[in-house]
Structures are given as C-alpha cells and as structure tokens.
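Labels run A, B, C and D following the written order; every chain starts at residue 1.
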Amino acid sequence: EGAPFKMGLLVPGSVSEEGWNRIGFNALKGVEAELGAEVSYVELQQNPASFEKAFHDFASQGYNVILGHGFEFQDAALAVAPEYPDTVFLISSSYISEGNVIGLNTDTSQPFYLMGVIAAKTGKKAGLVGGMEIPPIKEAFEGFTNGVRSVAPDFPISEVYIGNFTDATATKEASLSLISQGADFVLPNASGATVGGFQAAAESGENVKTFSIFSDFTSVAPKNILGLYIADYARGVIRIVGDIKNGKKPTTNVEFGLKDADVMQFTYNDQAANPVTENVRKYVDEVKAKIAAGEIKTRQK
Amino acid sequence: MANSESGQPLAVAPQAYGALWRGLLRPLRTVAQPAAAVALALACGAALLAFNGYDARAVIDVMVLGVFQDTRSIAEILLKATPLILIGVGLCVAFRCSIWNIGAEGQFYAGAAAATAIGVSFNGLGAWLYVPLVMLAGALAGAAWAAIAGLLKIYFRASEIVTTIMLNYIALIMTSYLVTGPLRDAAAAYPQSARLVQEAWMPRILPPTRLHIGILVALVLAVVMYVFLFRSARGYALRVVGISPDAARYAGISVPRNIMISICLSGSMAGLAGAFEIAGVTRRLFQSISPGYGFEGIAVALLANNNPIGAIFSGLLFAVLRSGSELMQITAQIPQVLVLVIQGIVILSVVGFAVLRIPSLRPSE
Amino acid sequence: MEDLASLSFLAATIAASWRLAAPLIFASIGEVFSERAGVLNIGLEGTMLAGAFAGFAAAFTSGSILFGVAAAIAAGVLVGLLFAFFTITIKADQIVVGAAINLLGLGLTAFLFRSYFPSAGKGIDIAKPVHLPWLSDLPFFGEALFRQNAFVYSTLPVAALAVFVLYRTSFGLTLRAVGEHPKAVDVAGRSVALYRYGAVLICSALAALGGAFLTLAHSNQFVEGISSGRGFIALAVVVFARWSPIGAFVVSLLFGVFYALQLQLQAQPVHFLPYQLFQALPYLMTIAALIFVRNRVGTPSMLGVAYKKS
Amino acid sequence: MSGRQLLLMDGIHKRFGPLIVSAGVTLDIEENEIHALLGENGAGKTVLMSILCGVLSPDEGQIIFKGQALKPGSPRQAIKHRIGMVHQHFMLVPNLTVAENYVLGQGSPFSVIRDMKTVHARIVELSDRYGLGVKPDALISDLSVGEQQRVEILKVLYHGVELLILDEPTAVLTPQETDRLLHLLRRLVEDGKTVIFISHKLDEVIRVSDRVSVMRDAKVVRTVKTSETNARELARMMVGRDVLMDLPRAPIEPGRVVLSVEHLNCDGESGLPALHGVSFQVRANEIVGIAGVSGNGQSELALALTGLLPIASGSVTLEGAELVGRSSHDINQMPIAHIPEDRHRMGIVLPLPLTENVILQRFDKPPFSSRGMLDMSEITRQTRDLMRRFQVKASGPGDRIQNLSGGNQQKLVVGRELDRRFDFLLINQLTRGIDIGATELVMHKILEQRSAGKAILLISTELEELFTLCDRILVMYEGRLVGEMPPDRGRLEEIGLLMAGKSPMSAA
C-alpha cells in the first residue's frame, strides 16, 4: 500500500488553450494539489488511433485513475479496461457505465439554456458560432435554443460552424458576419478559437451582447459580456477521484449540472454596457432553480 | 536511405575489389548518415528542453530506451509506421514523375471513408473476402480522389499543387459531412460511423497488440514499388516523364498516361493507408481520422530521396519519433509538439549530411 | 433570405473579404518574390506561424503593436535565413527544406507558447480600425472599405511596392532573370545566390507579417496552428495568380470573398443544405476558377532548381 | 595584329571530379587579332573560355590581361576589364526584352530603372552601325536562333568590349549570316578590338583568323599563323591523323518511294500556320536535304512527321501507311528513326546515365526488357558496344549524359537512332556542334545507311553538310518548299538566295 496514488489525463488537443482541454487539465492539477496524487497528462490531437496506446501507457505504469477527457475516448477505454481491472477509467461527457469505465458529464445545455433565456429577453436575434459539429457543442446549442424558445418561440437564431478548433480568425469573422446580418447576441463555442467571437463583439459596439463561457473572457469584451458561465469541472472531478482514492468507486455514470453549484458557476458582469436587468435576473434565477430540481428539461436525451 | 545512387540502377561491371568496397561502404554510409542526423536532432531537442527549463535527460531516456521497452511499444511503432510508409512509398512514385501530390491527406480520407462505407454494409461475407474488399475500396477511392487532380492537370493544365491542396480541404469537409450525416452511427453521441463488421477487421499479427497485416502489406508494396520504378519498363517511362516530358513525347511515351499512373498509384497507397487505419485500428470513421499522416508522408518520401525502400526507414523513424514524443509527455511532461521540432531538425540534418558527403546528391541543373 | 441582397450585407461581405484576404496577400506576394527568383518556398505555413507567435509574444510583453510587427519581421528573416542557407548555400531540395520549416514552425511556436505563456488568457490590444476622415463615413463604401485597421490598408501599398520593385528596379529585373536563366545573371556579374537570398528573405518577412496579422490585427491571442493552412492556400494563390503581385492581391481577395460568402451563407437562417457544403465553397470555387483560366503560362522555368556555379 | 600581348592564360588547370579538362593550358592572345581556337569535342575550349570570363574558377594558373593579373572566378572583374563572351548556349533571359537583357547586371542593384529610352536609342544606333537589325523591345522568346545570336553579339558590343570571345557562333547561321558575322568580326578588329573565335568549321577559321591555337586532350598543342597553314594540317593537329574532308558518295539509283508527303499544312507551337502545302518524296537509297534559315518551318516539319505536332491537313505515308492521325507512340512503333534538332530538350534525358538514354524509345522491347522488366546487364552491354562503335567518350556507361560534351552526346544519339530498325531516317541537324573527327564518323555512318537502302531526310542549316551527303536539296522558306537543287557547290549562291526568299531568276 506504499505506492503513490496516480492519475493520468488524456486530452484531445492542447492544454495551453483556454477551453475544453484546459478544463481537463485544471481538474488534473486540482487532484494533484488537493489529493496529493501523482499526475501526468498526454495530448492526442484528435487522433483516435493513438487513444488505446495512451490508455495502455498509463495503465501499465500503474495509474489508478485515468481521465479520458472527451466522449471520443470511450471506445478506446472500453477496449483497454478489461486488461486493467484495478484502474478506473473516467470519460468526460459520456454516459457510459460499464465495469471500470465510468462516464462523467457536465450538462452544458443547462447554463446555455439560461443564456438562451437571457438572449431572448434582451435581444432581437442570436448567432451561434461552433467549432465542429460535435456533441458538447451541439448539446450546448440545443440548450441555448430551448432556452430561447421557452421565452420567444419565433426568436431568430443562426448557426455557423468554422470547421476546426484553432482558427480564431474564422470565429471572429463568422461572428462579425452574424452581427452584420442583424444578430445582437453572439455566442462562440469553439474551444481554443472561441476568443475570436468575443473579439468580434468588442469591435461591434456596445449593443452586441455575448456571454463568457468556460473561462473568464471579460477582459476581451468587458462591455459586451453580460455574464460568465465558469465550469469548475475540477471540483467535480476532485470529488469523484477523492471517493475512488478512498475506495468508493462510483457505480453509475455521474452527471454534473446547475444543481452542483461548485461545478457550474453562473454569474453576471456588472461592467457590461447593458447589464442584465434585475427583472431578468430574477426570472433566470427561477428557471435555474427549476432546472436544478429537474423540473425543466434543457435538452432531449 | 538518402542515397541517390540506389535510385539509379547502374549496372557497372563489377571490378572485384571496387564492388566489394562499395558493397561494404554503401550500406554503412546509408545507415551512418541518418543515424548521425537523428542523433544531432535529438541533441538539438535536448538542448532546446534544457534551455527552456525542462529535464533534458528525458529525451535520451525515452528515445533510446523507452520506446522499445516491450513488444507492445514496438508493435505500436510499427502500427504508426504503416500509414507513413504506405503514403511515403506512394509519394515516391508521384514525385519521381514530377507530380507534386500534396493531397495524400485527402486521399487518405477518401480511402478511409470508402473502407468504412464498405466495411459497415455487409454481413456474413467471411473475412477472406471482406478484408481484401475493404482494402480494395480504400485503394480505389484514394486513386479516384487523386485522379481528379490528374484529370484537371491533363485537361485544364491546373497545377496539381493547387488542386490537391484544395482537394485535401474538401475531403476533410466531406468526411465531416459523412460522419454527421449518411454514415453516422445513430446510437452514438459522437459523430462517428458505426463500427465495422467484424469480418472486415484487419487480421492482427501479434496479439494481444493491435499490430495488423497492414505493416506487411506496406513492406511488400515498398519493395514492389522500388522494383517497379527502377527495374521495370513502365517505371522507367514514368521517370523519363518526370525528368523531361519533351523527351518522353519524343520517345513515344505518353505523358498524360504516366501522370495518371503516378498520381493514381500514390493516391491508391494513401487510400489503402486510410482503409488500414479504419479496418485495422479505429474500426470507425471519425472527423479527424488522420493526425496529418498525409503531410508527414511527404516528408517521409522526400527524406528517402523518393526511393521506396528508403521510405520504409524514414517512415519507421518518424513513427519512433511520434511514439517517443507521447511517452515523453507522459513521463516527463514535455510538450508533445516537441516532436515536430525534432522531425524538422532530422530532415534538415539529413539533407545537410547528405549534401556534405555524397556529391552526386547535389541537385543538378 | 431577403437580406442577402441588401446593401449592408454586401458592404459587410466586402469588408470581411478584405480582412480575410490580408494574411494571404502578404504571404502570397512574398512567395511571388521567392518563386520569381526560382525558389519554391513551401515553408510559408511555418513562417506565418513564426510571425504570428513572435508578433504576439513581443506585443504581449512590450504592449506595443509596432514592436510586435518588428519582432514578426525579425522572426521571418530568421526563418528565411535558415531556409535560404539550406536551399541556396547547401543546395538541398527546396521542397524538403520547406517541409522541415513547416514542422519547425508549428512545433517551435507551440513549444515556446506553452513554455512561456502558460495562461495568456488576457491577450493583447489589437490594432484598432482607422477612421479615415470623410471616407469612413461614406454611406456604402465607408462600411465596405474604410473601416479597417492599418494592417488591412497596408496590403495596398505592399502590393504597389511589390510591383514597383519587381518591374521598375534593377533588383527586380535581375530577380526575374534569376528565376528564368540564372546562368545569364551569373555571367552578367551578379551573384545568383545573393539575389535568391534577397528574394527568400523578402518572402519570409512578408509571410511572417501575414502571420502577425492574425495575432496583432485580428484575434488578440496566439493559438497553436493559428495559420490554419493559410500558408498552403497562399501557395495556391501564387500559381493561380501567375506569379504576379497584382494577381496575388486579386486572387487573395477572391479567396477572401469566397470565404466571407460561405460564412454569410451558413448564417442564413433557412437553408436545408449541410453546412459542410458552404465550408467547401472556397476550395470548390478555386478549382472551378482554375478550370476557367486554363492554359496558364508564366511558371519561372528554373523554379525549384538549385543553381550550381560550376 | 600589333604583335603586343593582350592576354596570357598561364598554366591553367581545371578538373571536374576525376576528369581533367584543363591540363596546364597556356594561351597567349595578341592585341587586335582574331585568334581561332580549334579542338575536338570535349577538348576543353568552352571550359577555358569560361575560366577566362570568370564563370568558372581555375584550380591553378593565372590570367594576365594587359599586364595585370585578373582575379579568377569573378565575372564582374572580367566585365570590368571589357572581356565579353558570346556563349555556345545563349545567356539571354527569355522572358525579358532585348533592352532589359542588356541592362541586366548594370548599375546599382538598388537603382530604379528609368532611362530605358536612352538604352533603346543606343541599341538602335549600335545595331545600325554594324547592320545587325536588333529591335530593343523584342521579347527574347519571340526571336529565332539566328536573331538571338545577333542579340548576343550586340549585347557584348553594347557593354563595350576589348576582347570578344565567340563560342561556335556560326553553328546555327546560314551562309549569308555567317558571311555577315565574319565581316563584322573584321570590322571590330579594325575598330581596335580583339576576338577569340571558336569553331569546328575549318574554312571559316582559315578565312577570318590571324592565328590559330589547337587544343587536344585538355592542352593547347600548337599555335600557328593562319597564313602559314591549311585546313588539312589543322585537322591533323586536332585529331592526330588525316581526316577525309570529302566523303566518297557511291552513285546509287534511288529505289522505291519510302516516305511521301502531300500538301502538308500544320500550325506551329505558337498556333500560327507554320507549313503551307509541303509536298515531297524520299526514296530508298536516297538522302534528301532540306536547306533553309532556321525558323522557316523545318522544326515543325520534323515534329509533324513524327507525330509530335498535330497536322492540320495533308497526308504523310510511310511505306504506304498513313501517319496522319497517329500518336507519336504509334509512329515510334513504325520503321522510323529520328535524330532531333534540340538534343537537350528531346534527344536525351540529361540527369540519366548513358544506359538509360540508350533505351529511350525501345525500353519496353527486347533485348532491353522482357516481361516488363529492364534487363540491366544487357542494356549495359549494348551501351558499351554503342560507345565503342560511335567513339563516345565518357567515363563509363553509368556516367550521367549531362557530363558529356555536346559532340559526344550527339554521337550517342546518332548511334542510338541508327541502331533502331527503320526504313526512313529523319535527321534534323546532324553535325551541329560536333568536331570534324566526329563529323567524319557520323557522315560515314549515314552514307552507309544510304547504301543499305534506307530513305533519309536531312534537315540542315549547314550547306556544307548538305552538299556532302545529299542526292538532292529542297529549299524551305516561310513554311513552303521554294525550290530544288542538285548538290552542286557551284550553285551555292542560288541556294543562298532561295533561302533568303528571293527568286534566283529575278535576282540574276
């Protein structure tokens, strides 16, 4: 029992970018700091062929927990897991629960639903800019759309995909093009390239509104960002990994939502040129409570 | 590996001692040069690490000992080398015909998509039929995708450099459409195709590792392509077209025909690589099935001086570097992107050494 | 779909086209110089990344965009020297070295970015749009053309300067000769190698500027691989433009138009086509355009061939 | 000829790898003379001159010009001392105009080109003075070879020369053009300039030069006064044996018609009509010559006959089989052999070894290949054999053909073509640039083919060659056949006029 507790992380991109990969990285660092675990990570550039090997590399070196940060790791984990019954394979944004492979999911559609509500209450037209059409993005946008629809069924929404997660310039141009077509609420969601969307909002005047997602981007567009949705996925992961360390392996998949206030922080930016009014905030709080209580479905499952 | 002479069959009558001397010296040189180049590149990588505050010893630990630690590691290297060798060998053929096919990446995607389409479609076909069928589908689709650039060149004089680059983007976008549309696995959340029917899976040759027959096919094809290029009549015609289209026309060698042959051959190899990746490794089609194999394949071919046998070695080298870089990140948290730097330096030092030591390698006017 | 036909849609598309074209204009005009001198530099992508990173790093630490521009040019010149040393002095194959430059550019910028900017969430203040008196307030043209930043405007003087240098100076004349008949230049008593060095350095410096445009004048951050293939597109632009700087400017703009258009079309609320079709539009249009302008001439005849003095 | 020394090249050594191309050459040139340089192909004439004007640097030795040692390997230095060279392969940039070519390398590299008007004016003035007819704004790529030659000479004059070097300037000129050139050279000497003149044509050398230096095996073996020697002696000095200057041509009656061309029309590569209703026949045992100034449709005729240029209308039959409409691949399968005009562009593949050049058309046929695979040992054997029979000088069959001198390349091409199975042999420029020894050899081989019953069409700008070999000579002008002549040297004048587009009748 003298062996140190070890956790490994697989990310599908670069941890240096603000965005999805950074979230996973922060979780890893949190586990290291709070649980005293020995940690390591590997970046796999969206290449499915290398996933299995990376799991093997970690597992064969005696790692106790391996977090595959993204549903795309699920297949590879399932293939490798039977060989290492003592290792727990956690998969982000997955609903899996098969032996030692456990899905962790942050239901992003919930905060995006709230953003949709705000958009519909404060604006005339919404524009969404996605990286690639993959589930976390689509789920988020679905939540946003449902949020909008719950307030104003005819509220126009446009969607643009730039086709990658690196071209911040494309995100910016796509956002500008949406704004030129009348969108006054733009929401970028493209991992490393997200920042371009805020840039576009900042350049288009104070009437264009947006929302900072996953990280704090207020310095890029202080007048335009109405609020922040910060995902502290790390808190959730630390909780689960702590349980595992203490011998309490989860038996089903885990889903974080607005109910987990430590994981999902939803706040407002009072520096915004047109801050969200008290009335709207109150309405949003009610919706939020209902979502947390499971009374509102933010997306189909 | 970077030996131009092996690219030209000079059957000079053997003068006993000279031949013996050459026989000993040439292999030595061909091994020594790249080895020195790689050592230099690793040293540069280590210096870069040390300079930026990382633990530089990790490079040596991992590169020299780590990557070959067990059967699985070696199998994984061969697995990575498979697409690189296949694409590199194919590009040797295209480049020898002066067809600058930058489109192996797109042809790889085309092959992968076709292999998937075939691989998910039938049941009860039997592996002995299904496996070749999947390979054929990949090769044909790769060739067809490349043929577009060939036809555009022949009929519209459109530079293949431009068209293959464009076709790369289009193939990527098409794959994205396929996995979110027609080929999408309805049951999965992730945009990916359904899993291939088990009979279509490439037989594994070293269980429990993932190594499959693809590597054997790649090695055989490298030899076949070498013989084709430098020992066969048709390969000779192809090289003449590559050096001097006017001389080819004068000699009654059809230039368009050889353009099509070379670009389709290289496309089919890239397509085949795509099929192997699907049916041998991932078993599904994803949007980003290639981490840039097609571009790395260009470097593989060029590093091998467009010699298919050489491409085996440069392909292996690049696979080792990639494997090592993943391991380095796990063991020493060294950013994996360092591998790109090391690859770049390997190429530069190989051409540097080659030019220093073999005068005949200097490009002639 | 009625707003497709509206003037403001048009103005926005034109403005976006020019912005999207700007990095391509820099890089492709640079490549025109290099290829006119007979040097095929496929290392544009890596060079652009070097410029994007150096520009960002310098501007981030100093807070000055001008400093960023200077750093980007310096980085471009360094990359150019490396490329030139291997291709011109050592006479290694230009495509091989170009491929290596691309790997180095991508790898080194990512490596350094991670090592020194672990969490650069803040980014830099990018170049501001320049308000031109009177012009910027014109009803339609103001929005379409005259609300850009200095980088975008500078594509015009850069193109004009390129034309002047290439066709009106002794340097340009010799440069064009070097790509066609280097020996004639040698016999005329000029160093082929020196001119090729010059051409490559101009090429790399401009490509690096194109890269710096991305971080200093468009998005305020460096992202690994931010050039996203623009270096390769620029190569295509040069061929399409028949090795002319004006052509490179126009073709880059055309590409910008296609790209802006696909973004605009995707954003249209009612369409039943897969969005990938729109994404493919710029590339499909390029191929279509190549078919229409068949029978090209003007490839420098010594393109890609090293020059050996004896 | 003043008798004062202008230039001394002393003990020049130069090697390319193992090949010694200058073995301690010493050459002295006097002021105001025309000094001819003679030598077999590959003797090292071009290399020596390249060293003189700084394009190559010598391994050893020094160059003393007007009593001053020149820095070796510096073209600038040579230009500064007003040493100018017209190269065997033209040094003109094809996509630039004449004037632009002239200002290339002039002035500061960072200067703006302003004064093109002055440049044009000076070109026109010089051109008029020497009667060269050079247009300053013409694009080089639009000019014929002869015109380019004059542009080259004027370029050197434009830059102002004291020592003018001409490397085989007459190889592509018509007799009239050659006459004009030789006159020009004499005028230049009268103007105080000095000329070094390289040629394989002894009669020109005798006519124009004051002294002759002969090179053999990378050395200058002798320098003599022209007035004290003759062609036969010069030939012996070069080759080391007596050379037959006039080959005996057995009188044979021509046999059946092998090639028949009727009303041939076709367009050139530029798209303009190049041939207008060309009709002629070539019979077995017959050599038919086509004379003409280059650029009058001869190239197009050769390409059309071999399927390399599409034929607009007309008919070409070979042994009764129609060639029109067939691909060059098909025509290659027929009993036809073709010695092309531009060997660098078509006849050979420069970076490939001799072996792979020998098999160029027959690579997929026995004995060179069987079942699709090349038989390398057989190919090597055949290459050696061909090298021996045609006296091709090279370090071995594996040598890259680009390392051979032009004459040796030509011998290989001639040998390769004569080894093919053919009834009709098409030759476009047989002896261009090859030395008299090699000329004798290949002419001899061609006459052998004539005796063996082959039909031969010889296109040439070289009247001497046509007179020696042909049974009859057709003259081509602006894409038309304008006359037929017997190979009678006495009617040289008449042929010259026909070639210039003038009817001999009206001229007379």
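One rule holds in what follows: contacts are C-beta pairs under 8 Å (C-beta built on N, C-alpha and C of every residue); 3 or more make two chains touch, one makes a residue touch a chain.
By chain, with names taken from UniProt: B = Inner-membrane translocator; C = ABC transporter permease; D = ATP-binding cassette domain-containing protein.
These numbers were taken from a predicted model, which means no experiment stands behind them.
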Problem set entry | Intersection of the contact lists for chain A and chain D | B, C
For this session: For the chain pair with the highest number of C-beta contact pairs, give its two chain identifiers.
Result: B-C
For this session: Would you mind checking which chain's C-alpha centre is most distant from the centre of chain D?
Result: A
Seminar exercise, completed: Rounded to the nearest Å, the gap separating the Cα centres of chain A and chain C is 34
For this session: Go ahead and note the Å separation of the Cα centroids belonging to chain B and chain C.
Result: 29
Problem set entry | Geometric centre distance via CA averages, chain D-chain B, whole Å | 46
Exercise. Using the touch rule from the top of the page, what residues of chain C touch 2 or more other chains?
Worked result: 110, 114, 224, 276, 279
For this session: Two or more other chains in contact with one residue: find those residues in chain B.
Result: 173, 176, 180, 335, 337, 364
Problem set entry | Per-residue multi-chain contacts in chain A, two or more chains | 14, 133, 163
Seminar exercise, completed: Chain-chain contacts, ordered by label, are A-B, A-C, B-C, B-D, C-D
Exercise. So in the complex, which bits of chain C are touching chain D?
Worked result: 168-171, 173-174, 176-177, 180-181, 183-190, 301, 309-310
For this session: Give every residue of chain B touching chain A within the complex, in rising order.
Result: 72, 76, 79-80, 172-173, 176, 180, 189-192, 208, 210, 277, 281-284, 286-291, 323, 326-327, 329-331, 333, 335-337
Exercise. Which chain C residues qualify as touching chain B in the complex?
Worked result: 82, 86, 90-93, 95-97, 99-104, 106-108, 110-112, 114-115, 224, 229, 232-233, 235-236, 239-240, 274, 276-277, 279-280, 283-284, 286-287, 290-291, 294-296, 305-308
Exercise. Which of the residues in chain B come into contact with chain C in the complex?
Worked result: 48, 52-54, 100, 102, 152, 156-159, 161-163, 165-167, 169-170, 173-174, 176-177, 180-181, 295, 298-299, 302-303, 335, 337-345, 347-348, 351-352, 354-355, 362-365
Seminar exercise, completed: Listed in rising order, chain D residues that touch chain B in their complex are 17, 306, 308, 327-333, 338, 340, 345-353, 355-356, 359-361, 363-364, 368-369, 372-374, 376-377, 379-380, 396-398, 400, 402
